[in-house]
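Two complexes are shown next, each including chain A; its partner changes from chain B in the first to chain C in the second.
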Partner chain A sequence: MITTPPKHRAFSPWRIHAIASNALLELARLKVFYFLLLFALLIIGSSAFMMEFPFHEQFQVLKDLSLGAMSIFTWLLAVLATAMILPKDIEDRTLYTILAKPVPRVEYLLGKLLGVLWLLLLSTVLMSAMFALALATKEHLVVAQTMREMAHAPQEQLQAALRDVHEHAFTSSLVPGVLSIYLKAAIFASLTLLLSTFATSSIFTIIVSFVIYFIGHVQHIAREEWLGSAHPMAMKKVFLALVALLFPDLQLFNLVDDIVAGNAIQMALFVKTVGLGCAYTFVYAFVAYVIFAYKEL
Partner chain B sequence: MKKVHLIALLIVLGFGAAKAPVEQRLTGEHRAAFFHGAKLSLDLRQQIGQMAFLAALSGFRSVVADLLFIQAHTAWEHVEWGRVALLLNQVTALEPRNVLYWDTAAWHMAWNASVAARYDKKEPREALRIKREREYFHVGADFAARGIQNNPDRYNLYERLGMIYRDKLGDHCKAADVFERGAHTVKAPDYEKRLAVYELAQCPGREREAYARFRELYESGEHERLPSVIKWLGILQEKLNIPASERLNLPPN
Partner chain C sequence: MADSLVPAISIRNLTKVYPIPFKRERVVAVRNLSLHVEPGQVYGLLGPNGSGKSTTMKIILGLVSPTEGTTTIFGRDSSEVESREQVGFLPENPYFYKFLTGEETLFFYGKICGLRGAKLRERTRELLALVGLEGARDRRLGGYSKGMLQRIGLAQALVQEPRLLVLDEPTAGVDPAGSREIRDLILNFKTRGITVMLCSHLLEQVQEICDRIGILHQGKLVREGRLEELISIENQTELILENASPDLLRQIGALVSGSDAKLIAQHQPQRTLERFFLEVTGKEK
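And now, the complex of A and B:
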């Protein structure tokens, strides 16, 4: 009996899934998750160090340091993991083995990006879980202490004090903050992938990515000056326009500082911000594909 | 440059042209929702150092603010009030939406630093000690007022500023106005409006207004008939010579 080979599809999500799973496995084998130990140490250290502070300040510092560390770790992971993907596959010759099969370049690139995005998601979820656990533990300790200290206070006062403690612990408003951290890391993964499609070395990719990170945080100044000022000099205007057009505005994704300070973001505004983040990720990935499609390997 | 690189650059520039007005509008909406309010000036850069300033610019404002806040705490333990004020100034500049920092700064200055200045054993002249004490009251009030400018939607700092006017500067009229503004914020607890009326009763010339407000509170229900409200109603009825027929029949307090 003659069996016909399965029909080859021009675009297959399963092939992308296979490449993404493999990319995630490769990254996990590089022991990237060891940074979680550092994160745990940071949380425990800051909790212990702040014990003598009033509980409002303890919660404040714990949230700031944990979310700040999450922001740094996810960004570093996004840049470093993505920067090494293409050069490593070229060096190992894996790239040629994959592309010699009927795998379109777009699938290869999407699979690799998806692998990094999964890694970032996994890291963000694990760090968020550790952060929530640390907050819950601190909340439990503070509640016990408050109940001990206010054992003889009127019930109304005790309830008000406990409400105050709960309001300073984990609140649902922190979730958009954590999501914005992931979003920023996703933009950087996509941007770094774009850089690595034409870069000559990983070091170049990493350095340029770092520089863009810093420029991205002050991009809004250039944009506001470019769009807002009436009569700037022509040269200055061209320079400001180039900065505004070429670089992403990362300040828009820096929501976490103000969220920890007690600002709640409206859902509509958050959705718009997420939409912009997704647009960045998509466009950078698309441009990466355009360059990679014509790259001589 | 290869042709493909030129195409890639054009796509990025095209996307940039499309996104710039969107980003501009979104930034406006973020600011209206009280996001990204920190003003990172060159003065601040000189005060906190280049690395800290760079970190603050790069999205780690809150971490830098925490580290400075811990330094301020250490300075407080060493009773270095000038340094405490300077560091808290930097902290609040980095995190203007954090009520905790403004409140702590106002409290340290108006309560702790002022008392330390008043009982400063190194200064034998009492007049100078009192002068410095009052200066710290005003520094505390300034922190609270600047905090309100950055957080007009939160009641906490109105309360702190009102307390400084009431307990430290003895200005009941200003205290009443500030508590009143605080009472109109979204999450203000019920006692805020009572605080405003207590101060109004002690503001010369506004006793009648205070009496009307107390009556309003009293008549709003059982939950507002607190001993302090009843006491003030009694005092004001006497002070304003309210005719017996118009007086409230107050329970014994």
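And now, the complex of A and C:
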């Protein structure tokens, strides 16, 4: 018996949610979370290795190593997960079965991107929790050691020493640091999705993403040269403009170095970083949609 | 126009040209194709490899845009997303998501078609029963056989209760028993009033299930019409007798020789190899 199907909606968050959840499930069942074990081993190993260092160095190395590893892992995850998600659907013809349903292409693409962004969020939260746990454990050990060593010292001296320990342990500036790491990964997920809409293979997408990662770290030099130099050669000016306009400025998202060095992150800088991160992610996703909308499958 | 009078598929003057990158040459995949599929029909689109069948199907499904011409599904332009509410599609050799179970697969396709809650669960249960996969509902698709994958493919195609099914080689790579099960399912869809358009190289099977066929060659529709009309030999008549005695056969022969007609062949009919295979393997119902 044929009944009336549900009324079609031009844009449905429910359909996007279904595609995003499926993408997240796909990545989770591919066991991509195993890299978290590697992260845990890294911070536990480094904590054991630093026992002989002064406590402020121990905190600094732990923060440096953990935030650095988080940055690399989330970026790698963003590139590798996104690079395979679209070509695999095309190769397996699963894409045909989805787009042959009343699903607009923009919802399909948005769903896939959201799935990867959820995966990155989950990974960042889990790594942050491990990092916070390692930091809290280290703080607890250092506090206990300080109290043992200063058992006979005057109360004021002990309190000052403990305050010093707490100031070197968890600081609120770690939060913007972690957020900037997530934003950088989100930009790369969006950029890799854009590349995979016209790339002929996942390998091509991954290699180009890696190259863009390195270009992104020197983009500011090209931008300054483009905007600053008065009379450069026309060809050079065009080249510099292309680099400055097409590639993201990844140096803007390097808040981690300042945070590890103990410098406070100003609110204005943080808001600018978040805004730029969202803008880059949106622009790359929008261009990906424009290409995908006209792609012959 | 009454719903039953609107063609399930209407293709008018369809042409698709693919440019070859970095060359001035172009490939004409489909040339000026026009055809209609009436509601409730099983239509077979036949042709050798590269004849334009898949391109035509993709245009019908809105996966590829035509260079010229129009295609409609139940009166709606097939480039509109809404037209796909009425269509279910099974591609050739689909893999689907291997990490999902049979039930999860139908949940996923149901959700993207707007189904949810009790209605989605009920529809999934119905479809798993229809394609005979209730026992494999919790098994991941990675462990499904070729025939099971085709059947879950048919189930996902039917999830939103479409009025049109587009099937690309639905029995490709499936063993004779599985192939027959799929054929029976297609005939079942027909009794439910679902229009089916299929592409297949298995001409014997097409002959068994299609009402109408179109043959494409080098992008052009070279023949089209009702199957019986296209394949019947108009000046010949076939008599199949059961328990005919040699005397009766002699009498018939004498009658024929005394007339203007000519006896071309006289032999015992043979069962098909498929039927023989199914009998031997005990899978004949």
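Here is the rule we go by: the second predicted complex is superposed on the first by the 292 of 297 C-alpha atoms of A that agree within 3 Å, B and C clash if a C-alpha of one lies under 4 Å from a C-alpha of the other, contacts with A are read in each partner's own complex, and residues count from 1 in each chain.
In this text, contacts are C-beta pairs under 8 Å (C-beta built on N, C-alpha and C of every residue); 3 or more make two chains touch, one makes a residue touch a chain.
As the structure is a computational prediction, the values presented were derived from the model and not from experiment.
Participant: Once chain A of both complexes is superposed, is A:Leu227 in touch with chain B (first), chain C (second), both, or neither?
Facilitator: Only chain B is touched by A:Leu227; chain C is not.
Participant: Applying the document's definition of touching, compare chain B and chain C: which contacts more of chain A?
Facilitator: After superposing on chain A, more of chain A is contacted by B.
Participant: Which partner chains sit in contact with A:Pro154 here, chain B, chain C, both or neither? Use first/second/both/neither.
Facilitator: After superposing on A, A:Pro154 lies clear of both chain B and chain C.
Participant: Residues on chain A in contact with chain B in one complex and with chain C in the other?
Facilitator: The answer is that chain A has no such residue.
Participant: Quick check on the complex: what are the chain A residues that touch chain B?
Facilitator: 53, 56-57, 60-61, 64-65, 67-68, 71-72, 184, 194, 198, 213-214, 217-218, 220, 223-224, 226-227, 244-246, 249-252, 254-258, 260-263, 265-266, 269, 272-273, 276, 279-280, 283, 286-287, 290-291, 293-294
Participant: Mind pulling up the chain C residues that touch chain A in the complex?
Facilitator: Contacts found on chain C: 18, 58, 61-65, 81-82, 84-97, 99-100, 108-109, 111-116, 153, 156-157, 160-163, 166, 192-194.
Participant: What residues on chain A touch chain C, complex-wise?
Facilitator: Against chain C, chain A makes touches at 1-3, 5-10, 12, 14-15, 18-19, 22, 25-26, 29-30, 92-94, 96-104, 296-297.
Participant: If we count contacts the way the header does, which residues on chain B are in touch with chain A in the complex?
Facilitator: Residues in contact with chain A: 2, 4-5, 7-8, 11-13, 15-17, 19-24, 26-27, 29-30, 33-38, 54, 57-63, 65-66, 69-70, 73, 95, 97-100, 104, 154.
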